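What follows is chain A paired twice: with chain B in the first complex and chain C in the second.
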Partner chain A sequence: MSRSVWKGPFVDGYLLKKAEKARGSTRNEIIKIWSRRSTILPQFVGLTFGVYNGNKFLPVSVTENMIGHKFGEFAPTRFFKAHSVADKKVEKTEGTGS
Partner chain B sequence: MARIAGVNIPAAKPLHIALRYIYGIGPTNALEICERVGVTATKRVNQLTESEVLRIREDIDKNYKVEGDLRREVAMNIKRLMDLGCYRGLRHRKGLPVRGQRTHTNARTRKGKAKPIAGKKIATKK
Partner chain C sequence: MGAHGVRGQIRLRSFTEEPEAIARYGALTDESGNEKFDLKLRGTIKDHFIGSLSGVTDRNQAEALRGTQLYVERDALPKPNKREYYEADLVGLEARDRNTQISGHVKAVHNYGAGPFLEIEPTKGDSFMLPFTDIYVPQIDLKEGYLIIDLPQGWLTKSNKAGASST
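So, the complex of A and B:
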């Protein structure tokens, strides 16, 4: 169920301050944030955030399309390690041959 | 037989059922249309007059996004998610469930027919 409109979007307050500061400085540096739960607001567009995924800060450069999504959506917390299919087949045939 | 909203030719069924053959019109919308146009919902399609068919067609054109347009909109929404690089987009790209369902078992609708794991049978035999 979506969030009530009267509450407004959820954002951790300190992000606004951080974003403002980053806007002030001309250098485009990565703002490290832990707040994956915060909504991406229009005033964040154009900035680059380092969103923490529990391990690293993944760079997310915010574009207009991302408004309304949460920061966490852009920094996956799980990585799927697959066996490379081709390699495995080669191994298998070699194994049965010997 | 009546041709409404492009290619759809609903059969000799009651109107509110026949309208549901159009992509984008379900039970609720079908009844809404019947009411707005002023045709009894249970009237058979082959008993509709020309003007009734015309009014239905206009009503759908005016109030609903159906068939190709709707399909395109849905596809565009999905494409947007995929291009964005967000979690939902990644799930669409991989063809896995998007809304947090389990994938350990089930999820066959999204994943398709079960694929055998290469070499598993041999391993169990040994």
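So, the complex of A and C:
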């Protein structure tokens, strides 16, 4: 059963404070969070969070497409070790930091 | 790689981003690099390709190649765009931090849908992740084999030192 709309999206309160604080600072800080259950809100777009997966903090750079998803969706806790891809490319982004 | 049929065809599994691209990179080599093969793809079976290799004309020759791993020459890969890098080029690079004395090497490149990031294994301690952006990885020198990283404050501690107190 899905969450009632009248309740609004769930976000741990401390996360909003952290995001607000990070927006104000000019340092290249990654916001460490443990709240994998929190919903990604529009005010988080452009920030980089370090989401704890039980072992390490995985960087999650929030973009518009991620709004409405939970932080935990982008930081898997288990890994499937597949054969590496020989010609896989990765693009370096400008990034916004926080 | 294994044998298929009696006419020297082989079956192989491709580990390129686009599986069919394996036949577009020119001659493939074995692990030692001594033997070269020209590959032509003939069809597919489940998750395998059926193909034929130059100089392999009967099943016995194909059987002899069972388990052989084929490699693409690095120079045969197309040049990436300006801001693009091959993951294979990044893995193994030395990582030097601008501010601290921490150094290590790039262990892997990951992307779970929230932007690519590097896994860096320092000379001491556990590996850590770093977003692959200009802010945190300002300089990459593939020729010299290193990249400069800019670690965010408090990133390597497991505590909440850098941010506000939690809950």
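Definition applied: the second predicted complex is superposed on the first by the 80 of 98 C-alpha atoms of A that agree within 3 Å, B and C clash if a C-alpha of one lies under 4 Å from a C-alpha of the other, contacts with A are read in each partner's own complex, and residues count from 1 in each chain.
Definition applied: contacts are C-beta pairs under 8 Å (C-beta built on N, C-alpha and C of every residue); 3 or more make two chains touch, one makes a residue touch a chain.
Model, not experiment: these values are computed from the prediction.
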{"item": "Which superposed partner A:Phe74 touches (first chain B, second chain C, both, neither)", "value": "both"}
{"item": "Which of chain B and chain C A:Met66 touches, first, second, both or neither", "value": "both"}
{"item": "Partner chain in contact with A:Ser25 - chain B first, chain C second, else both or neither", "value": "neither"}
{"item": "Touched partner set for A:Ser84, first chain B, second chain C, both or neither", "value": "second"}
{"item": "Contacts of A:Trp34 with chain B and chain C, given as first, second, both or neither", "value": "second"}
{"item": "Greater residue coverage of chain A in the superposed arrangement, chain B or chain C", "value": "C"}
{"item": "Touched partner set for A:Lys56, first chain B, second chain C, both or neither", "value": "second"}
{"item": "First (chain B), second (chain C), both or neither touched by A:Ser2", "value": "neither"}
{"item": "Common interface positions of chain A, toward chain B and toward chain C", "value": "63, 66, 73-74, 76, 88-89, 92, 96"}
{"item": "Chain B-touching residues of chain A, taken from the complex the two chains share", "value": "63, 65-66, 69, 72-74, 76, 88-89, 92, 96"}
{"item": "Chain A to chain C touching residues, read off their complex", "value": "12-14, 17-18, 21-22, 27-34, 48, 50, 56-63, 66, 73-76, 83-97"}
{"item": "Complex contact set, residues of chain C against chain A", "value": "15-17, 21, 25, 71-72, 77, 80-81, 83-88, 90, 109-117, 126-137, 140, 150, 152-155, 160, 162-167"}
{"item": "Of all residues in chain B, those that touch chain A in their complex", "value": "80, 83-88, 90, 118-119, 122"}
